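Read from first to last, the chains carry the letters A, B and C; within each, the first residue is number 1.
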Amino acid sequence: MTAEILSFETGRPAEVHDGEPSLVVDVEGYEGPLDLLLTLARQQKVDLAKISILALADQYLIFIEAARKIRLELAADYLVMAAWLAFLKSRLLLPEPATPDGPSAEEMATALANRLRRLEAIREAANRLMNRPQLRRDIFPRGNPEQIAEIRHPRFTATLFDLLTAYAAQRQQRVLANVHLVKRTVWSLSEARASLERLIGIAEEWSCLDDYLLSYVVDPSQKATVFASSFAAALELVREGEMELNQKEAFAPLYFRKRPPQASGAMPAPGLSVE
Amino acid sequence: MASLAEKRMDDAEDRPVEAGTEVAARPEELRLLEALLFASDEPIDQAALAKRMPDGVDIKAALAQLQAEYAPRGVNLVRVANKWTFRTAGDLSWLMTRESTETRRLSRAAIEVLAIIAYHQPVTRAEIEEIRGVITSKGTLDVLLETGWIRPRGRRKTPGRPLTFGTTEAFLSQFSLEALGDLPGLEELRGTGLLDSRLPSAFSVPTPSDDTTLRDDEDPLDDGDTLELLLAPAAEPEGGGGG
Amino acid sequence: MASLAEKRMDDAEDRPVEAGTEVAARPEELRLLEALLFASDEPIDQAALAKRMPDGVDIKAALAQLQAEYAPRGVNLVRVANKWTFRTAGDLSWLMTRESTETRRLSRAAIEVLAIIAYHQPVTRAEIEEIRGVITSKGTLDVLLETGWIRPRGRRKTPGRPLTFGTTEAFLSQFSLEALGDLPGLEELRGTGLLDSRLPSAFSVPTPSDDTTLRDDEDPLDDGDTLELLLAPAAEPEGGGGG
C-alpha cells in the first residue's frame, strides 16, 4: 500500500528533489491538501471531470494514515481535509436523506472535482506562461540603447507685480541710504562743540576760526554745515565764558581764543566783542 | 558582394555612402521608425511614435511593413503591452543565453500565484488561497512584487478591505504579450467556465483585466499604504498568518 | 534546443508568419550576428563575435554584408575603435533629441536688474550698479538676455564706451504692457503703497521709454559685438569683477 502511495512521487511535475529516498511520505513537498489531492487524482489517469471522488477520498485517507503512522507532523489543513473527505465518503455511500438540507453529497463531490480542475487548469496555464519566450532569458531588448537627448527650453516667468515691487524696494532702499549719508555729513551742534573745545584747548592767542575749520574739515561740500554748527557752538562757548570771539566787520573772518582766567575785558579785542 | 563590402569597410569608418539597390525605394518613414525603435530599449506606443514622425505618415501601415521586413531577421519588431519594440528573435535564445544575466528562478508557488493573478485579476490574496487551497506566504508575494510583474491595485469593497492584485506592463513585456487577452490558454479556460465560477456572482470577472481603472468593487489604495503594510497578514484577516 | 525554441515561437502570437521573399535566402549567420550585436550592451570586436558564432562562419564577410544591408537604413552597423555596434544613422541624429520647455522663475537679482533697465533705459551696467548698490553678476545679465526681455541697445559715449541696455517687445508682451509708458510712475507707485509716501521731494521715478532710436549720448553697437563680448567684464571697466 505504501509503495503504491509513493509511486506517484515520480509523477510530480516539479520541485521534487531527485535525490530524495523513495520510501518517504513527503508531505513537505505538497503545496497543501488540494495539491496532494490533485496529485492523487492524476494517478487515476482519467479526466478530472469523470474522476471517482470516492476512490480519491480513499487514497487521501490512506496517505494521511500512513503519514500519521510514521508520526509525520501534518499541518492542520491536511487533517481538516481528511475529516471532510471521510464525511463526504460516508455521505456518498449512504442513501440520500429524503429532505436534504444543504448541498447533496453529489454536489459536494462535484464542487471538489471542480476545485481540482480549476487548480489543474491554472497550473497548466502557468506552465504555458512560463514557456513563453521570456525577456532577457530567450529574447533580448537593445543592449546598448541610445539616449534621447533632451533639449530644454527655459520659459521664464515673472509678474508685473514682481517687477514693480523690486523696483520700488530698490529705489526706496537707496534713497534711505542717501538720507543716512547726509546725516553723517551734517555737523551736529555737539560735534561742533566737541571740536571747538578741542581747538580752544590749544589756542591761547587769537586764532582764525576759518583756518582751523578749513584744515579740520576736509570735504569742501561740508563747509556750510561745519561753519553753521561751529558758529552756533562758538556762541554757546562764549556765553559760557569758555572762549572769546572777535570779528572786525560783517563777513570778516572770525577770531577766537581761549578765555584767559581773569582777563574779562582786560585785553581789548581787535573788533566787535561778543559777550 | 563581400569584396565590395570589404572595400567599404576599409575606408568608411561610419557607413557606406551608396545604398543597396533592392531597398532604394524604401520609404523614409521606415528609416525614421526603425531608428526610433532601435534606439530605445523600452517599448514605445504608437501615439508617441506618431508625435516624433513627420505629419501625414500612416504609422500603422509603416509599422506593419517594418514588422514584416524584420520578421525573418535576427531582430524582430514585436508588440508588447500595446507598444512596439525590437527584440531578438525567439528562436535564437540558444545563441543569446550568454547574454543573459542570472535569470530569476521563481518557486513553483510563486509561479502559481503569478498565474492566478494574471488570469483572475483583480484578485485578492484570499481568492488566490481559495484556488490553491493553501496559505500564501508573505515571501511569495514579496518575490513577485520584487519582479515588478504584479502590483497592488486597490482594495476590495468587502469587510477587511483586502488588497486586490493585478499584473503590470512589465509582466506583459516579460512574456511578450501584446495584451492580457493573449495569455496562453485563456480562451480554453474561459470555455470551461473555470475562471468565473469561482467567485461569488457579485464579483463575477469573466475576463482578466489589468486596466488601471478600478472595478466597481475596488477602492483606491490608501495614502498610507506601503508595500510593507500591504503585505502584512493583518491587512487581510481572511488570509491568516503566513504558513 | 532548436525544437524548444520552435515550440516557443508557436505560441508567440506577436510574430507574423510570412517573411519577405527577397530575403528568404539570407544566410542564417546574418540573423545571428544582428541578434548578437543588437543585444550586446557594448560594441563587440570581431574576435568576441567569432567566439559566439557557429564554427566555419566567415565573420568578416558576414559583418561586411550586414553593414551593407543596414547602410541605407535608419540604423547602421558601424565600427567604433575596431568594435562593432548598431547606431542611429548620422543623418537622423535630430530624431534622437527631444525638445521640452521648462518654466523657470527669475531670480530676485534678475528681476531687480530688469526693473531698473525698464525704468532707466538706456542704462549701463555701471548705472544699474549705482542704483542697486551692488555689483551685477554676469550670470544675471545672461539670464535676462536669455529671456529676450532686454537687449543691448548701443554704447554710451563715455570713456570705456559701456553698453546701454533697454527692454524689448517681448518684455512688453510678457508683462502685458501696451507701451513702456504704461509702467506706473511715482504717484501710481505711491498710490499702490509700493513706495513710501514720505520719500524726499527730490525723489523721482523716470518716465521710461524704449524708443529704439539711439540717444545723443549713445553710439550704435559695433559690428563685432557679440553677446559673448558684450558681457565680458572687461568691456565695462567700471563694472568691476562680478562679485
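We take it that a contact is a pair of C-beta atoms (placed from the backbone, for glycine too) under 8 Å apart; a residue touches a chain by one contact, two chains touch by 3 or more.
Source: prediction; values computed, not measured.
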Practice problem: Return the chain whose centre of C-alpha atoms lies at maximal distance from the corresponding centre of chain C. | Solution: B
Quiz item: So which chain ends up closest to the centre of the protein, judged by Cα positions averaged per chain?
Solution: A
Practice problem: Please report how many Å separate the Cα centroid of chain B from that of chain C, as a whole number. | Solution: 36
Quiz prompt | Geometric centre distance via CA averages, chain C-chain A, whole Å | solution = 30
Quiz item: Counting in whole Å, what is the centre-to-centre distance of chain A and chain B, each centre being its mean C-alpha position?
Solution: 32
Self-check item: Residues of chain A touching at least two other chains
Solution: 128, 132-133, 138, 140-143, 146, 148
Quiz prompt | Shared interface positions of chain C, touching two or more other chains | solution = 5, 8-9, 11-12, 35, 38-40, 86, 88, 96
Quiz item: Can you list the residues on chain B that touch chain C in the complex?
Solution: 1-2, 4-6, 8-9, 13-20, 22-24, 26, 30-36, 38-39, 52, 67-69, 71-76, 78-80, 86, 88-96, 98-99, 176-178, 182, 184
Quiz prompt | Residues of chain A that touch chain C when the two form their complex | solution = 128, 131-133, 138, 140-144, 146-160, 162-175, 177, 179
Practice problem: Can you check the complex and tell me which residues of chain C touch chain A? | Solution: 5, 7-9, 11-12, 35, 38-43, 85-88, 96-106, 108, 111-112, 114-116, 118-119, 131-133, 143, 146-147, 149, 174-177, 183-184, 189, 192, 194-196, 199-200, 203, 205
Quiz item: In the complex of these two chains, what residues of chain A are touching chain B?
Solution: 14-15, 31-35, 75, 77, 114-115, 117-119, 121-126, 128-130, 132-143, 145-146, 148
